Amino acid sequence: MIETVIRKRIEILADKALQKRVTDAIDRAGITGWTIVPVTSGRGREGHWREESVMGTDKVFVLTIAAEDKAMALAEELAPMLTDLGFILSMWDVQVIRGERFD
Amino acid sequence: MFETAIQTFTSPVVLFFVLGLFAAYVRSDLAIPEPIAKAMSLYLMAAIGLKGGVAVAKSGIDGTVIAALAAGIVAGFVLPLFAYVVLKSFGKLDRINSGAVAAHYGSISVVTFVTAGEILTGQGREPGGFMVAVMAAMEAPAILSGLMLARGAGSKSGTQSTGEMLHEVFTNSSIVLLLGAFAIGMLGGAQGFAEVSPFFEAGFKGVLCIFLLDMGLIAARRMMDSRAVTWRLGVIAIFLPIVNGAAGTALGIGIGLDAGSAAALGVLCASASYIAVPAAMRLALPEADPGIYLTMSLSITFPFNVLINIGLISAFAAMLTGAGGATP
Amino acid sequence: MFETAIQTFTSPVVLFFVLGLFAAYVRSDLAIPEPIAKAMSLYLMAAIGLKGGVAVAKSGIDGTVIAALAAGIVAGFVLPLFAYVVLKSFGKLDRINSGAVAAHYGSISVVTFVTAGEILTGQGREPGGFMVAVMAAMEAPAILSGLMLARGAGSKSGTQSTGEMLHEVFTNSSIVLLLGAFAIGMLGGAQGFAEVSPFFEAGFKGVLCIFLLDMGLIAARRMMDSRAVTWRLGVIAIFLPIVNGAAGTALGIGIGLDAGSAAALGVLCASASYIAVPAAMRLALPEADPGIYLTMSLSITFPFNVLINIGLISAFAAMLTGAGGATP
Amino acid sequence: MIETVIRKRIEILADKALQKRVTDAIDRAGITGWTIVPVTSGRGREGHWREESVMGTDKVFVLTIAAEDKAMALAEELAPMLTDLGFILSMWDVQVIRGERFD
Amino acid sequence: MIETVIRKRIEILADKALQKRVTDAIDRAGITGWTIVPVTSGRGREGHWREESVMGTDKVFVLTIAAEDKAMALAEELAPMLTDLGFILSMWDVQVIRGERFD
Amino acid sequence: MFETAIQTFTSPVVLFFVLGLFAAYVRSDLAIPEPIAKAMSLYLMAAIGLKGGVAVAKSGIDGTVIAALAAGIVAGFVLPLFAYVVLKSFGKLDRINSGAVAAHYGSISVVTFVTAGEILTGQGREPGGFMVAVMAAMEAPAILSGLMLARGAGSKSGTQSTGEMLHEVFTNSSIVLLLGAFAIGMLGGAQGFAEVSPFFEAGFKGVLCIFLLDMGLIAARRMMDSRAVTWRLGVIAIFLPIVNGAAGTALGIGIGLDAGSAAALGVLCASASYIAVPAAMRLALPEADPGIYLTMSLSITFPFNVLINIGLISAFAAMLTGAGGATP
C-alpha cells in the first residue's frame, strides 16, 4: 500500500487586491508553494458581496500545504491581518503522497 | 436647460444606464459577466486614449494645454482638502475614512468623463482631445492628498511603504493603458488611427451603452445591499459634485478653455473614482471601510453625475461663455 | 423550396452552426468561453430589442400589432396543452416531465427567432419590428401553462410560491433586456439608434455566426453525452415544431400579417426555449429531468428548426399568401 | 503559540439556480456567513456536465464554517434537498483562529 | 439526529490539458463521480504561473469523494503521475450524508 | 529597409505590442481577462480563415497554390530536424527537450502570420489568400517530426498512443476553426462574406491591437519569471527565425510565389508555435519542460519576429524579386 504522510492544509480567504500579502507571508515562511482558487460571492458580518472586479472588491482562496510547524508559524504571522483586514483562515490535517514536496 | 435634460434622457447611453438601475431595482437576474465588464472598461480606456492622442497630434501642445494640465493637477491635490473638511465636520466620519473618501472625490471617474464627452458632443460642445491627458494627470494626485490626510492616525498591518504606493499608483492599469494608448495615438497620428478606427470608434457608443447598463446594475445593487452610508454622507455625495463641478468649470473658463473643455474639466472635478482609488485604498488604507467609499462614489455620485450633473455643468459652461445658444 | 434550402446552406450563419456540430462530432476541443457566450446572448437580445423598438417607433402600433400580440399570448397558453397530451400518450412521459417539456415547446427560443429573421430577410420577407414584442410576450405564458399541467402531481421540497415564480418569470434577464432595449429603441427612435447602430447593427450577423458556432458545439455535445431521450421523444421533438410551425404561420396569415411576420410567428410557435424555461423549471419543478427537456429542445428541435424548419415555414407562408415568387 | 478552536466546515455542491435555497438555509441556521466557489464541470450518476451558463446548467460550491451544533442543524435541514435535487454535502473539522467569528 | 458516514475526499491539482487522465483514473477506480474547480494561479518549485489559457498552461482541482479502499486504490494508481507530471494530491476524512452515493 | 522599420514602429498593432511589453516590464497590473484573450484568438482565426476562403473562391486553386501547400508541408517536416541538431549541439539540451522545442519551431504561430499580413499589406505586398491554407497545413507536420526525434528516449506515464495523438492534432481547435472558416468562406463566397464583413473585417485590426497588447504582457511576464532558458537557448531563439525565415522566403520565390506570398511563407517558417504545439507536447511529451519551449517561442522568438524579423523578411523578399521599390 502506498505510503502517505500528514501535512496541514491551510486555506485563507483574502481580498484579491491584498492576495500578495498572504502569498508573500507563505514564501517567507519557507513553504514550498501555494495555489489560488477564485471565489464568486459571499456573505459575512459586513453583508453580501459579489464578484465586481471592475471595482476591485473580489476575493480569492489562497491554499497551501505545509508541515505542521511551518503552518502554525504562518497562522501566527497572518493572525493580525485576519483581524484588521477581515481575512478568514481555516486549516486541517491531510494525507499527502511524497511529503517531502510540502516541507 | 430643459432641452438639455430631454437630450440627456433620450440618449441611448443614459437610457441603458437607467435600464440597469431599473433591472437591479426589480431584482432581475440580469448581469454582465465580469470578464466582459473588465474588457469593456479596457476598451473604453484604449479608445479614449487613442482618440485623445490623435487629436493632440493634430492640434499640437500649446499654452492652453499646459494650463489645463496644471489646473487638473492642482485641483487633484486641493479638492480632497475641501472634501475632507466637509466629511469630518458635517459627515461625522473619522479621520481615516474621511481621508479615504476625500481621495475618491479628488480623483476622477473615466466612465463619467466618457459619458460627458458623448453628451457634450451631442450638444455641439466637444471637449478638446488634450482633456484625456488632463484626466490621466488627475487620477493620482488626490490619492496622495487623501493618504496624507488619513495617515496621521497611523495604520497598522496595512501600512505600505510610500515607494510601493507610488509605484502602485503610477503603474495601475488604467493609467498605463490611457497614457499608452494616448502615446500610440500621437505616434500613429490620424493615419495610424484610420486603420483601427472601425474597431475603436464605430463600436464606442455601443460598448458604452452596455457598460453603463452594467454600471447601473452594480450601482443600484450596491445601494440596496448597503447599510454603511448615513443620510449625511448621502447629502455630501450630491453636494460635492455640484460644488466641485461648478468650481472646475469656472476654473476652466478662467484659464481660457473653450466651453466644452471647461465643462469637461468641471465633470472631472465633479466625478469620483470607483475603480483606481478603491483599489489603491484597499492596499494603502485597508482599515477604511469600502462600504462607505464605494457606495458614495458609485451608487450616489456616479448616477447623479450621469443623470443630472453633466447637464447642469454643460449649461453652466455655456452660460459662462455666453454661448447658451450653441446647442444646434 | 429547393432554392430556399440552398440559400439556407450557403448562409454563413447556418454554416457556422454546422461547423459547431461537426467540431463536436469529431470531438475537437473547440469551445467558446462561457462568459463570451453569455455576453453574445445579451448582445443579441439588446440589438434585436433596439431594432424592434425603432421599427415600432416608425410604424406605430395599429390593429395588426395588437392582433399579433394577442395571437402570440394565446398560442403560448394553448400550445403546451397539445404538447402535453402528445408527450404523455405517445411519449410515455410522466406528468411532471410532460408538463416541464410542454412548457419549453410553448415558449420560444430567441436565437431561433433571430436566425429566422436573417434567413427571411435574405429571402425578401423581413418580419415586422413588432414581432420582437410578440416574442417577448410569448416567453412567459407557456411556463404558467406547463406548471399547471405538472403541478397536480405535487412537488415536495422544490415547491416555490406562485408569487416567487411570477416574479422570477417577469424579471428574468432576457425579458428585462429585450423589453428594456425595445423601450429604449422606441424612446430614442431612429436618431438615437443611428448613434449606436455601428455596434448593434454592423456586428450583428458576425456575432450571430459565432454564437451559432457555440450552439452547434453545445447541442451536439449534449446529444452525444445524453442517454435520457428515447426514440419516441426524438420523434416528438421533430413532430411538434412541424405542426406548431404550420399552425402558427396559418394563424398569422389568418389575422392579416404579411408573409414575413406570419412566418416569424410560425417560427416562434415552432421553437422551443432552452434558456429561460429551463431556468424557470429548475426552480419551480426541480424534480423534472433536465436531461430530457434540454436535450429535446436544444439538441433536436433547435438544429431541426435552424437547418430545415425555418425554410419549410417560410415556403409555407409564401404559399399561403400566393407569393412564392417573392424570392429575388 | 496562537490558539485555534475547532469548527465544522461544510461544503455543498448545488445547482447555481438553486444556490439561494442553500444560502437561505445557512442564514436561517444562524451561521455567520458563507462563500461561493465556482465549479466548471463534473460527472455523477446522471452523466457528465460542463459549465453551460447560457443554458443554466452550472453548479457551485457553497462553503460555510460553523460551530458543530449549527452545522448539524444545517445538515439536517438540507438533507431532503440533497435527495430531491441531487446536491452533495460533506463536512469535516477544521482549526480556525478567532473562533467567535464562526459561532 | 441525522446520520453521517465517513468517506475520503481526494483533491488533485492537475494540468487542465491532462485532467482527463485523472478523471479516467477515477472512473476506472469505480468511484461514482468527480467535480472540477478552476484555479487561477500558483507557485511551486518551478516558479510562478498564471492562468494563461491561450498558451494552455492552466491548472484545475479535481475533487472526488469515495470510500477509503477505492480512494487508496486511486492514490496508488495516480502516484506515478504525481511524480512525472508534477501533480499534487491530498486527501482527508469527511462526513457525508447518504454515504451510498460515494461508494 | 530603414523605412520599413519606421513603418513597423508606427503601426498601432506593433505599438500596442510594445505597450504590453512595457506595462509588464514596469510591473503594472494591466491584464486582459483570460476568456477575452481566448475569444480574441478564436475571432482572429475565424476572420482569417473566412478571408482566405473567400480569396481562394475568387482566385481558384491552381499550380502555385498546390506548390505552396507542398512546400509548407515539406518545410514542416524538415525544419525540426535542423532545429533539433542545433538545439542538441549548440543548445546543450537533452533529447526530449530538443525534440519538443524543435516541434515548436517547425510549426507556426497564427498571430505572427496575421501581424505579418497587416505589415506586408501596408507595404503593398499583400500575401495570397491561399497562404491561410498553407498555414493550416504547416501546423501539424512539425509535431509529428518533433515527436519522432524525441521518442527514442521513451516516455513513461505520459505516453500517448499515436492514434490519440493524431486525433488530438487534427481536431485541435485552431485547425478546426481555421479550416472550417476557410471552407465557409469558399462556400459562401464574396456575397456570403459581405453580410458578415462588418464584424470580421472592420473589427480585425482593432482586435489584433488588443490581442498583441495581451501577448506583450504575457511574453514579458514569462520572460521575467523564467529561469529555465540559458543564453545559448536565447541565441538559438533568434538564430532559428532568421535562418528559417530566409530559407522559407527563398523557397517561396523559388516555387514562383509573388513577393508577398513568399514573405508570408518565410514568416511561417520563421515563426514558432506557442498555442497548438505546447498543448500537444503537454499531452505527448509531458516530461519536456514547458518553461523552456514556451519561453523560447513566446518570449524571445515571437517579439523578435513581430518587431524586427517580419521587416527583414519583407525586405529580403523584395530584394529577391527585385521589387524593392514596391513600397508606396
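Chains here go by letter, A, B, C, D, E and F, matching the order in which they are written, and residues are numbered from 1 within each.
One rule holds for everything that comes next: contacts are C-beta pairs under 8 Å (C-beta built on N, C-alpha and C of every residue); 3 or more make two chains touch, one makes a residue touch a chain.
Small disclaimer: the values here were computed from a predicted structure and weren't measured.
Among the remaining chains, those touching chain D as well as chain E are A.
Among the remaining chains, those touching chain C and also chain F are B. Comparing the residue numbers each copy contributes, chain A and chain E share less than half of them at their mutual interface.
One finds 19 Å separating the Cα centroids of chain A and chain E. Per-chain Cα centroids separate chain B from chain D by 40 Å.
Rounded to whole angstrom units, the spacing between the C-alpha centres of chain B and chain E is 46.
Residues of chain F in contact with two or more other chains: 33-36, 38, 198, 202-203. Looking at chain E, residues 37-38, 53, 92 sit in touch with two or more other chains. Chain pairs that touch one another, listed by label: A-B, A-D, A-E, B-C, B-F, C-D, C-F, D-E, E-F. Residues 10-13, 15-16, 19, 22-23, 26-36, 198, 202-207, 209-210, 213 of chain B are the ones that touch chain C when the two sit in their complex. Against chain D, the residues of chain A that register as touching in their complex are 13, 37-45, 59, 61, 72, 75-76, 79, 82-83, 88-92. Listing the residues of chain B that touch chain A in their complex gives 34-35, 37-38, 41, 156-158, 214, 218, 221, 225-227, 274-275, 278-279, 282-283, 286-287, 290-291, 294, 298.
Residues 33-36, 38-39, 42-43, 46, 50, 167, 171-173, 176-177, 180-181, 183-184, 187-189, 192-193, 195-196, 198-200, 202-203 of chain C are the ones touching chain B in the complex. Interface residues of chain D facing chain A in the complex, by the touch rule stated above, are 1-2, 4, 7, 9, 23, 27, 32-38, 60, 65, 92-98, 101.
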